[in-house]
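One chain, subunit A, appears in both complexes that follow, with subunit B as partner in the first and subunit C in the second.
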Partner chain A sequence: MAYKRQFYPGTTVPAVNRRRYLDPSQNLKKLREVAMDDVVRILGHRQPGEEYKSIHPPLEEANEPDCPIRQLVTPLEGAKKGDRVRYVQFTDSVYFAPISPYQRAWMYLSRYRGIDTGTLSGRQIIEMRERDLEVIAKEFIENETFDPALTGIRGATVHGHACRLDENGLMFDAWQRYEWDAKKGEVVYVKDQVALPLDKRISVGKPDSMENLKKRTTIFRADGVDMRDDKEVTMYGLRIHKLRTLAGFQPFAMKGE
Partner chain B sequence: MQNTSNSARNYAGEPLPELKIFPNRLLKADTTEALLSGIYSIPQVRQINVHGETLPAKVKSGPHTGIPVNHPERRVIRYGDQEILLTMMVGAIFVELKDYDSVDEALEGIKKVCDELLPFGYTLDVGRYSKFRPSLNDHLKSRC
Partner chain C sequence: MAKEKLFMDACKKKFKEDPTDTHTKFYCYGGWKQSARKREFVEAANKIAKQRGIPMMNQDIGVPLGQRSWMPYQLSHTDIFVEPDDLHCVNNAAMQQCWDDIRRTVLVGLDSPHQTIERRLGKEVTPETINHYLETVNHTMPGGAVVQEHMAEINPALAYDSYVKVFSGNDELIDEIDDCYVIDINKLFPAAQAEQLKKAIGNTIMQAVRVPTIVGRLMDGGTVSRHSAMQISMAFISAYKLAAGEAAIADFAYSAKHQSINMGTMMPARRARGPNEPGGIPFGVLADCAQSDRVYPDDPGRAALEAVALGAVVFDQIYLGGYMSGGVGFTQYSTAAYTDNILEDYTYFAIDHIKDKYGGLCQLDPNNFDKLIQLGYEVNSYALEMYERYPAAMEAHFGGSQRATVAAAASGIAGSMATGVADCGVNLWYLSMLQQKERTGRLGFYGYDLQDQCGSANSLAYRSDEGLPMELRGPNYPNYAMNVGHLSGYTGIPKAAHVARGDAFTVNPLIRVAFADPALVFDFANVTKEFGRGGLREFKPAGERTAIIME
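== the complex of A and B ==
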């Protein structure tokens, strides 16, 4: 029987969401529209319309050696053109953000190729060829893994993911890269991801209600869905813990498990 | 911690009762100003200290190190006859009272102020949360 890929156990809302985000056959819902030029402005790596800087000649001109791996792997557009590797970093609040950094890593690696990603407690960086990065950044600002109030685009000084929200319901940001537009009820970016003021205000839309966010999140919380309430998820965690404790990096060596 | 008094820390030398106000949200400067004004108008209050998330004046890391942040919540606030530069989004307020006998009366007054200004909820506890006499560190930093 052919192996059927599995993604995540469990029946509770966060478990089902995790499974859906990880499964590349599931399309993520697009919730908002942000212009590509505005995404480029927020990323801050180049000006909109500016040529991409390159770090090596296009592969077509590069006289690549005869290598089976090179023949096997189709390069990304950015790699073909010799783009620089640039980054985008998302910060996710612990207050029921649609996704959390660890699941971001799983999701990125499950859905995309040509990325390097790193997980920290509150943030998740993606490093990638510049033109491909811009496409992915736009996708992740527009889709359901992003909430304007609880997800931040922060290149540095990301502190705030575990802080209480402010009075407008926004995640704390010491550099105030985005602000609350009370008239429109929207979150507006006024600085790029490394705090350089933008020459225009970029709206990323209205935050979702806390009630809806609890249905969209992948975060288990005692005041939401407790992980211990999902028996399958708990058993999966315990099993990994047991195998790691007893067999280290050779879980297959355990007999009867 | 930010002492709302402009002078050096004002230790009582004895563990006077303290009230801890812990809002469910980080407070804006406007709310902090109104809250401190309300609390300061209560006669049993001896001193207020606030805790919160620091708002730096300048960017301290990344490619634009040194440029101003210009955070709108970092500004001078006024309460009573005092004014201070608020450098944080306030997340906890510690109110030291003048004596033990005034706890119930002060609690009632502070609860009334908080109910009015903190509609998103808060917790209010009585205890002792900070030091009440100078420590060695204060002597070394010439804060007393």
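== the complex of A and C ==
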């Protein structure tokens, strides 16, 4: 029987969402539109319209050696052109953000190639060739993994994921890169990833209700879905720990486990 | 009625909202000006910049501090609140003295030199000669001269903290020694602990040498045994009227330098650190320095938590945050383990839970792995649930690494106390890490996670390149060498196992007794209180230079 790829165990809402985010055959829902030039502005790596900076000549001019790996791997567009590697980094609030850092890492690695990810408690960075990065950044600002109030786009001074929310329900940001537009009920970016002021205000749309966010999230919480209520996820974690422990202690005891 | 959470007082003092509120206000508190300590710093920096003509600390540079309500920190199981700056080890004299007192302690046996004197030199060793020697060595150790008549000495006001005391498991022998030179096991320890310690120590007579704090600071940890050996040798020459050049003196010096017990073991060259530095202290040794269970023998939770606090400062703040990382260090990160009674709450929950569901301390069979991990899962889930139910606690530990350490420490302490086996404790530490990552979708920082996700496999392994009993692991254990934030919990885990068993010591009875000494500058039975006194600027450290500085 051919192996059928599995993505995540469990039956509860966070488990099902994790499975869906990780499965590359599942299309992520697009919830908003942000112009590519505005994404470029928020990223802050180049001005809209500015040429991409390169770190090596285009591959077709580079006289690459004959190599089986090069024959196997089709380079990304940015790699072909010699783009530098730049980043986008999202911060995800503990208060039912649609996704959290580990699920981001697993999702990116499951869906894309040519990326380097780093996972921390509040934030998750993706590094990639610049023109390819911009495409992915736009996708992930527009899709269902992003909530304007509970997801931040931050290069530095990223903490705030575990702070309480402000009076408008927005995640704390010491640099105040975004503001609440009370008239429109939208979140507006006024600074780029590293908190340099933008020359225009960029709306990233309306936050979702907490009721809906609890249906969208990948986070288990006692005031939402507690992981203890998902027997399969619980068992899976305990089993991993048990097998790893035995493997390092008495590998023979793993027989039959 | 549900028990009041132990962290409630701290949360209420930190924030004006109820600890269960999920919302607050930001950006409206006046920035750094809401902090008395920051205002003091700004005033001082401005004055210094003006005097020296070079800019200094400037709160307008970098991220604007104080965008949230500025949180005070309660030293756990005390009533002391301080600002975070007060818990930076460079700003806290008690923290510095804590490490100074450990570094400047070296244990040197008297049995070997006594044998040399009696068997090789044919001189008699009696209680009278030992008392005379101790009087002499308490002159030489702080920096007094005994052999040459035209000799520079150390100003006693700089070295008032330096002395030598002795202890032994032989009560009859100790009765013959002048009280002022004795660390009295019978008086300092509860009877049951004293009996264990005396049995373990036996007839050996051991010196607890305290080299002046200022010597350890001016030179390094490796100097301590050398300073001690030199002054001990001089004291023998004088007390027993020996020839300064005779070969036996070399034996005294050799044994005092190389057969003594430093607190820090040697680290490999790649750490670029000398001997007797904090990275070489095994967790079990630091656990023996922590003395809470001597003074509060009926409170094993406090004993484990005090060991955690000691580990946080010596290992996480001073060693990894200072020695190895450098810069401004890891204060904010490490303080989570010993402030605001959050780990306190989780630990006492675990103890109650063990008593209610697992038959009491040390009643869980360490071979019953399924039951062990069930306990870990329950304690870890409780800890994480508290962060989720009490957003004030979550915000107090606003870094994921803080929460990961605290939840894992509670789980590890639980495993230790339930089984009496520290390795079971560290196994639950790793269970906690895996389960927290699964539950919340996040954990700590990159390097942190790397080590915690492979730790299950080495937690019970005894193969030399993969494992070690938890008591003997330390900051230099391969996987822990950059494990900031972990080392606090790691210190508490072996302590928890041994206090649960009713053991009088974790790995070394000699070290345990040496740090019971009330003449030490830092009180190792009240670790968090001492750090709090340091934060309040009430702690008086040794090693000050004012005696040699003109006003």
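Convention: the second predicted complex is superposed on the first by the 251 of 257 C-alpha atoms of A that agree within 3 Å, B and C clash if a C-alpha of one lies under 4 Å from a C-alpha of the other, contacts with A are read in each partner's own complex, and residues count from 1 in each chain.
The criterion applied here is as follows: a residue touches a chain if its C-beta (ideal position, glycine included) is under 8 Å from a C-beta of that chain, and two chains touch if they have at least 3 such contacts.
If you're wondering where the values come from, they're calculated on a predicted model, not measured in any experiment.
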Combined model on subunit A: subunit C and subunit B, fit or clash: clash
First (subunit B), second (subunit C), both or neither touched by A:94: second
Contacts of A:233 with subunit B and subunit C, given as first, second, both or neither: second
Partner chain in contact with A:102 - subunit B first, subunit C second, else both or neither: second
Which of subunit B and subunit C A:200 touches, first, second, both or neither: neither
Touching partner for A:155 - first (subunit B), second (subunit C), both, neither: first
Which superposed partner A:223 touches (first subunit B, second subunit C, both, neither): second
Chain touching more of subunit A, residue-wise (subunit B, subunit C): C
Which superposed partner A:245 touches (first subunit B, second subunit C, both, neither): second
First (subunit B), second (subunit C), both or neither touched by A:118: second
Of the stretches 19-27, 271-279, 343-351 or 451-459 belonging to subunit C, the one that collides with subunit B: 19-27
Footprint overlap on subunit A, comparing subunit B with subunit C: 157, 159-160, 163-167, 169, 172, 174-176
Interfacial residue positions of subunit C with respect to subunit A in the complex: 17, 21-27, 63-64, 67-68, 369-370, 373, 377, 381, 384-385, 387-389, 391-392, 394-395, 397-401, 403-404, 427, 430-431, 434-435, 437-446, 449, 454, 456-462, 466-467
Contacting residues of subunit A [partner subunit C, same complex]: 92, 94-95, 99-103, 118-122, 157, 159-167, 169, 172, 174-176, 218-223, 226-228, 233-234, 236-238, 240-242, 244-245, 247-249
Touch list for subunit B against partner subunit A, complex: 23-28, 31, 53-56, 59-64, 67, 69-73, 89, 91, 120
Partner subunit B, residues of subunit A touching it in the complex: 155-157, 159-160, 163-167, 169, 172, 174-176, 179, 194-196
